[in-house]
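Below are structures written as structure tokens.
Two complexes follow with subunit A in common, the first pairing it with subunit B and the second with subunit C.
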Partner chain A sequence: MARLHERERTPREREGSPWTGLGAVLAKEMADHLTSARMFILEILIVLTAVGTVYAALQGIRSGGQTKFLFLRLFTTAREPLPAFIGFLGFLVPLIAIAMAFDAINDEFNRRTISRVLAQPIYRDALLMGKFLAGLFTLAVVFSAIWLLIFGLGILGLGVPPTGEETARALWFLLVTIFYGGIWMSLAMTYSIIFRSPATAALASIATWLFFTVFWDMVVGLVVRLFQPAQVFSLEQALQLAQLELNLARFSPNTLFAEATIILLRPSVRSLGIVLPIQLDRALLGSPLPLSQSLVLIWPHLTGLIAVTILLFVVGYVLFQRREIRA
Partner chain B sequence: MSETVIETRNLTKKYGDFVAVDNLNLRIQKGEVFGLLGPNGAGKTTTLLMLLGLSEPTAGEVRVLGLDPARQPLSVKARVGYLPDQIGFYDDLTARENLIYIAKLNGIPRHEIPGRVDDVLARVGLSDVADHRVRTFSRGMRQRLGLADVLIKRPQLIIMDEPTQGLDPELAQQFLRMIRDLKEEEITILISSHLLDQVQAVCDRVGLFHRGRMVLEGTVPELGRKVLGGAYRIRLRARGKEDAILEALQSLPGAVRAQRAASDLYEIEAESDVRSEAAAAVVKAGGKLFALDIEAQNLNDIYARYFEEVKHGPVA
Partner chain C sequence: MLRQFRLFASFILLAVLTVMAPLPVAAQEGGTLSLSTPYPSLVIGVGETLTIDVDIHSTVSQVVALDVANVPDGWTIEFRGGGRTIRSVYVDADSTANIKARVEPPEDVQAGTYTFQVVARSGNEEATLPVELVVREKAPAQLTLSTDFPTIRGTSDTTFRYSVTLKNEGDEEITANLVADAPADFLVTFKSAGKDITSLPIAPGSSKRLDVSVEPIADPPAGSYQVMIYAQGGDVEASLPLVAEVVGRPNLDVTTPDGRLSGDVYLGRENTINLVVRNQGSAPAIGVQVSASAPAGWTVTMDPEQIDEIAAGDEVNVTATVKPAEKAVAGDYIITFRASPTEGATDSTEYRVTVRASTLWGLVGVALIAVAIGVVALAVTRFGRR
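Right, the complex of A and B next:
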């Protein structure tokens, strides 16, 4: 009885706001990211890639006879031996995101700073959220800079300014890229909570990424074969199988990212049907879609990317809240 | 009038079946320096973390400055400074940057931060190296920076976990002097340590911790009386008739025990300081007094003796 009474006197819910101290954590973590040697190396890597692929793309565009959506072609044109810039992004984005987050939490434990920081009047929420947002903002800063660099090179190289539609599409592309990074960052951050050793967390993150990049297609192929009847009788059955394969493939963030960027950067791609993505290169039929229709086409992809980011963050959040501070 | 700063009632923490802290009842008054002493693994750090709301109690009540750390963690942590054992800093940042970060987390107004940082750095004697990276700091400097880190929020209560561990004796003394200075500012201090003799010097009261339980609590002389029997140990060197001297010493009022330790060395355990009476008794018994010495209470002795008794008793 006495205890019950005692409990009633103090408020049941936590006092104050979980955002207390978020700004301080955010500022400190962003400063760390932007000045770290790790980030410097990654920035050099991505700037070199951007300049290289865009230079190659410029030459390709000049020799080709196309006149529409020149700026978007800067991102998508591949010229032997270099792949297109978006091809590079497919693995550079996860690499950068993982590199920024794989030691986010376990490093605080290993340096023994965690108890000192959490002994300050902030909640764990602020620490985790601050670290995540700092990573996301850093990613946004880096990719915005690259984006501007590519546009700048484009203006110099092509001699024409980008149209409004091109700019809008490229901005959406930037947004998709950042959230694609968000997925890998929240994954790496969750691993950094699960694994005590940063090396293990980094390996686990890379392994997950490799799984989705290299092995997922094989897994999908195997699964589809399981469902395949001994003989395909009708076109309908064949279509169903193809649809199943496509749906399974879309569990991989890489597929979502690839499809979303293709739709955004190639307005003439009019559907994400069964023909995707292998036959896209030759899909020249019809006139380009307006931006709004392209967005409708990739809206599920966008929400999927953001939802997975949030989901992974929540998993990490719950694990971190339950973690004993004592090493 | 005294104010209770820390109060726990039947505080218990279990990790699975293992009981880390077992029904702890603790009261610490304002301005006190309290030493939580015990071997490693006795549950000291767990207790400290529960006081800070960094670990949730399995059962029992905690009040720190009248607040519940589990429900009002921000208010508690804004008023309480915590110096963890083996304190870690961001090595790539300077001492100043580390302190600024902590100041910001405490919500100290922006314009006050530079002044406060300079103040605390000067206080712990690190002003010269304020802009050096913490990577280059020695163990002693880190520990002092840790103290600065705690002081920047101007706490009412400071909780220190093994503050002198890993420091050489001189640095440890220096650090303890800083703690004594804090006491003069009416800051309540709770120190956990297994280095008894170092902590003995600064603590008003101590509690001995063993297997999650507070087995003894009180001032050092009180504990001495409880465990060693006599609170005062007097050694004297005298020559003369040994039996007569011993008898005289044994019959001193207040003497619990008197014995001959060596040929002309006698030891008395007494409830009070009976040095002058002992001297008089020796002379009266026809002995010549050469030396008279009182031994300060030693926590190590108390501790060793206590656990010796526990081991032989039914508790173990």
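Right, the complex of A and C next:
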């Protein structure tokens, strides 16, 4: 009796490998992405931004007289009226990621191609996974190209090769950027599964992005004010409030990305958040942290970005698998 | 009769001369010719040459031949006029000719009184002038060095300063060269009026003050060191022994066994830093306190905290246990290690520590990603369908 009950409760075991057809979907999707007009426009936009900001940064660095971590300063140096390249990336990366994924699934439905695709010996897993990985790889290809472009411009403009430390830091920065894009892409893909209309999915994605970019700070401020007692009596209370505000702010991928890039690209930044003067007693200010220590500082950010990307994909996956697909 | 007349005539002439030329000494014999010199008796030193002024007066115009008589052995005397050696001189009537007699005693002349006569002849007339020279032994050239405090005590980094008087007791000016003979570890300089000098002229009978500074270059071991200073001028030399008594002192040096003054410490752990306290001085260091200045909130314990004695040239290992503050920010900090003996200078060394955060949370992050992937795998097996 118990056995029977258990069998009924136990879900049906899957048949076949989820990897079958993954390669085909991945290749097709990447080909679509890389040749699409949408991608072309976005690429032109980001290349122009990169060239402009890096050129401006080069001017600043040449007249600056600083000699350490020149290549990292290419990313972070702002020169009026242009912001630094990482400032642009903060909103260009979500834009590209959303643009690539907001119509990933619902467009297939609308064009009635999904049943045709699934009629092939391709599992649903493979279709979704293939679309997701194709988006992630496309992001990786685009950002790597930009990364190489910036380093090339840097070598031309500065006349010195980058050091190993600089290259390693910039590579980690590349990884952070890809997964920052990954979060927004998973989100947009999930929305494209939830909403039938691509326009709604795009709007929902943009709204979420705007919420975290513009409104999240305000929300955090309001929440902290709710927790704030009528009067702050001790330093510890003030510290706790500040820590709370910081922790809440870190729910936004934008904050995670901004903090991670600062730590990676400015080696002399030793801590995120509140540092008491007593912690800096006898500290050598301005000395760069070793890369390993910078990584330890941003490890939660990096793992957070990767984990949220995967989890958002899982949400989309579960929704997609439960969806009824009729021919 | 003739004799009486001559006597009379000489009286007359004397009277006339006394009225006409009031010379201090006038020697004359005969009527028309007379010789005189302002200083007929002179004192000279050994080795000196002198020139005597001789005046020849004549009442008639005539040529007067010049000569000397009773010249001591080895002496040369010659007459000079118009820049040349002369043998005779022409004197106008009632006038005086002025010549010089150059007297050169032999080099090995003995002290004593020497006399000779200057003789002037004209026809059969002759006048003589006796000259007396007292040759005196010169005071021998002599330099003396003296000081009130020939022995000075100090540590091995003291500059020993002696005040020395150099006196020239001779009769001639001497240029004295100053030389010192010192042990290898010492540098000797002579100063006068604030300037480094190696020689100085010193007038006869006068003295000069010299500052002699003896500076240990290396760290000489404790002991008594003799420095000889010499003043040499011509063939005279004076010497003076000076004594520098070096008292030993400890000279501590705090470092690490391999000399590297930087290292890593990990948050939340007790990190050990190995130190070496070395005594490079010349005396044992007694009661050495070893301490550290660390950033606020850090605990640093030294083992041992006190060293009873470090012999000269010896070293002692000290272990410092460093625990960073709980909330220390990763990065570089400075810890100052200090060793202070009860007597002597304290030495301190700055040690640069790099605080490293524990990588434990890194593993947690990796675990988080693993969980996320696990969820994917679970979803794939749970929801996989065609």
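The rule is short, and it goes like this: the second predicted complex is superposed on the first by the 304 of 327 C-alpha atoms of A that agree within 3 Å, B and C clash if a C-alpha of one lies under 4 Å from a C-alpha of the other, contacts with A are read in each partner's own complex, and residues count from 1 in each chain.
Rule of thumb we're sticking to: a residue touches a chain if its C-beta (ideal position, glycine included) is under 8 Å from a C-beta of that chain, and two chains touch if they have at least 3 such contacts.
Just so we're clear, the structure is a prediction, and the values are computed from it rather than from any experiment.
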Partner chain in contact with A:227 - subunit B first, subunit C second, else both or neither: neither
Which superposed partner A:324 touches (first subunit B, second subunit C, both, neither): first
Subunit B versus subunit C as contact partner of A:40, first or second or both or neither: neither
Touching partner for A:118 - first (subunit B), second (subunit C), both, neither: both
Subunit B versus subunit C as contact partner of A:20, first or second or both or neither: first
Superposition-derived comparison: subunit B or subunit C, residues of subunit A touched: C
Subunit B versus subunit C as contact partner of A:91, first or second or both or neither: neither
Partner chain(s) touched by A:215 [first = subunit B, second = subunit C, both, neither]: neither
Doubly contacted residues of subunit A, that is, touched by subunit B and again by subunit C: 11-12, 14-16, 118, 123
Residue ranges of subunit A touching subunit B (in the complex, touch as defined): 3, 6, 10-12, 14-16, 20-21, 23-25, 27-28, 32, 111-123, 324-326
Parts of subunit A lying in touch with subunit C, wherever the complex brings them together: 11-12, 14-16, 18, 118, 123-125, 270-271, 275-276, 278-284, 287, 289-290, 292-293, 295-297, 299-300, 302-304, 306-307, 310-311, 313-314, 317-318, 321-322
Interfacial residue positions of subunit B with respect to subunit A in the complex: 45-46, 49, 52, 54-55, 61, 68, 71-75, 77-78, 80-82, 84, 86-92, 101-102, 104-107, 146, 149, 153
Subunit A-facing residues of subunit C, complex: 293-297, 325, 327-335, 352, 354, 356-357, 359, 361-362, 365-366, 368-369, 371-373, 375-376, 379-386
